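Single-structure report; data block below.
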């Protein structure tokens, strides 16, 4: 793959720097990044790289750093893992070992390839013709406007109803309270008591009403008589009977 | 299309990307005065001619050049959207009063409504183009008087104002009943319907 | 210059006047859908062709069109302008990983980089509106996944994600596949080679 200038140039590997003392681990984005930097210093294709050589470089580097600086934990974890990998690679192969050191090395190589690919992709991306650096937009476009047009809505009914309400509100208001014929509870009580003296057997409530009460007066009489019947029942002077809800109500004077 | 000269391209891009309109001298300066302002002006005119009749135009204002969209396309760059709103109760009342009593002044409307009428209510009705001023009443203060418009008749589906139902019609339709009475009437009707069903 | 069609003028003016890149559907909408997006696209291409080689170009980025200056004139225009946002190395890498692998979760980004990604890095990219959350991965923990945006394509001058530099080569080389997948493939290949040798 073609080497592209990075917008962010990496810090050269320790070997290339005289003042290794000033190196710090913050120059790298983690151990993998340091490994990649070291790998690049081998100047060979990542597919051909010697993982063993790379591991040695890393371990040497970390050992140097350790002598001088506080080394971050993840670098040390990586160092430990690489030391293990190194010994495994150097020892005679044990076919029962799983995963094999070669497989571990291959994995590391694949990871480095992927990171290198993305590193390069980032550089190429940043090198593109970017807006504000290489290409320019119109600074003050007129802009497209969305204009809201208010549309008022009302129906003829709304209009007429509104007028009706105005008229009503402003018309002189006269309240007429109609006098309605009623039978009072007292009248009903008196009447019912009188009728119970006459009527000895069970009889329907309506039978106790004066026959000449008609219309609203009769409705009022039914209501009053009903309440009167309840009152007399409470006093134990009358018995009530009803077959079921909404069935006719029967009354009879209490015995004794 | 014929090949465009490099300097012409450059000047076109400069004017396009500039925050403000540029004059020929400023542009010449950017070329380290390899071009005279006169030459720049000639190139600007060539660019303007090239864009003539398109959707972009290069114009000169007081010696400064800038790109803009042609004025005749302004209507396309605005998009009008309907924003429907229900007329308020107060506005409906005022509109009805004007329709039934026109021409009327605001004071007369208030007298009929029995409440003050905000200026905004009349504005809304004028914006809807349902009412319009119809001169002034020749009384002290010469108040403005209002009448309904043809748009009003159209919107409400009326051939003329004479089509507005009279007071007796409104009464017959129950529109002059107090709201609670009207409610009772509606309930009665409901009961009748139920009774009918049971029967 | 030949007469330019009214609709072409109108579309040219719309894109020129707009403060953001427009897509064919938005433009068709402004014509109250009297034009189909397909027709709009054809007209946009005609406009782009008409401007080719001039100091202004009409470009398509992720389906959205805008006018800009040609890149080769950058040296004339760069004067007195701020550098665009300078990305940290971490941010540039994270952006590249999201662009080439999208959609990806933070854990997947970290697997490639071998290092934790600080929250700030994703924030910077989101603030620039170059990346956006794209839902959640349906795996345990339901991690948020990220993708690049139209603004990303615009900023980096990409017509679509297919234009990402080298993406086809990377995909062909398997460099966009996870390590596990690449590892299995490599082992298979090794086995094949071995089998071949043994045979």
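By written order: A, B and C. Residues from 1 in each chain.
Going forward, a residue touches a chain if its C-beta (ideal position, glycine included) is under 8 Å from a C-beta of that chain, and two chains touch if they have at least 3 such contacts.
Computed from a prediction, not measured in an experiment: that's the story for all the values here.
Chain A has the C-alpha centroid lying closest to the overall centroid of all protein C-alpha atoms shown.
Compared with chain A, the chain whose C-alpha mean position is the greatest distance off is B. Rounded to whole angstrom, the centroid-to-centroid distance between chain A and chain C, based on C-alpha atoms, equals 31 Å.
Once the centre of each chain is set as its mean CA position, chain B and chain C turn out to be 41 Å apart. Shown for chain C are the residues that touch two or more other chains, namely 14, 16-17, 30, 67, 69-70, 77.
Multi-chain contact residues of chain A, defined as those touching 2 or more other chains: 136-138, 142-144.
Residues of chain C touching chain A in their complex: 14, 16-19, 30, 66-71, 74, 77-78, 81-84, 86-90, 92-93, 95-97, 99-100, 112-116, 154-158, 164-167, 170, 173, 175-176, 179, 182-183, 186-187.
Partner chain C is touched in their complex by these residues of chain B: 1, 3-4, 8-14, 16-17, 30, 47, 50, 52-56, 67, 69-70, 73, 76-77, 79. By the touch criterion stated above, chain A contacts chain B in their complex at residues 136-140, 142-156, 158-170. If you check the complex, the residues on chain A that touch chain C are 6-8, 10, 29-33, 74, 103, 106-107, 110-111, 113-115, 117-126, 128-138, 141-144.
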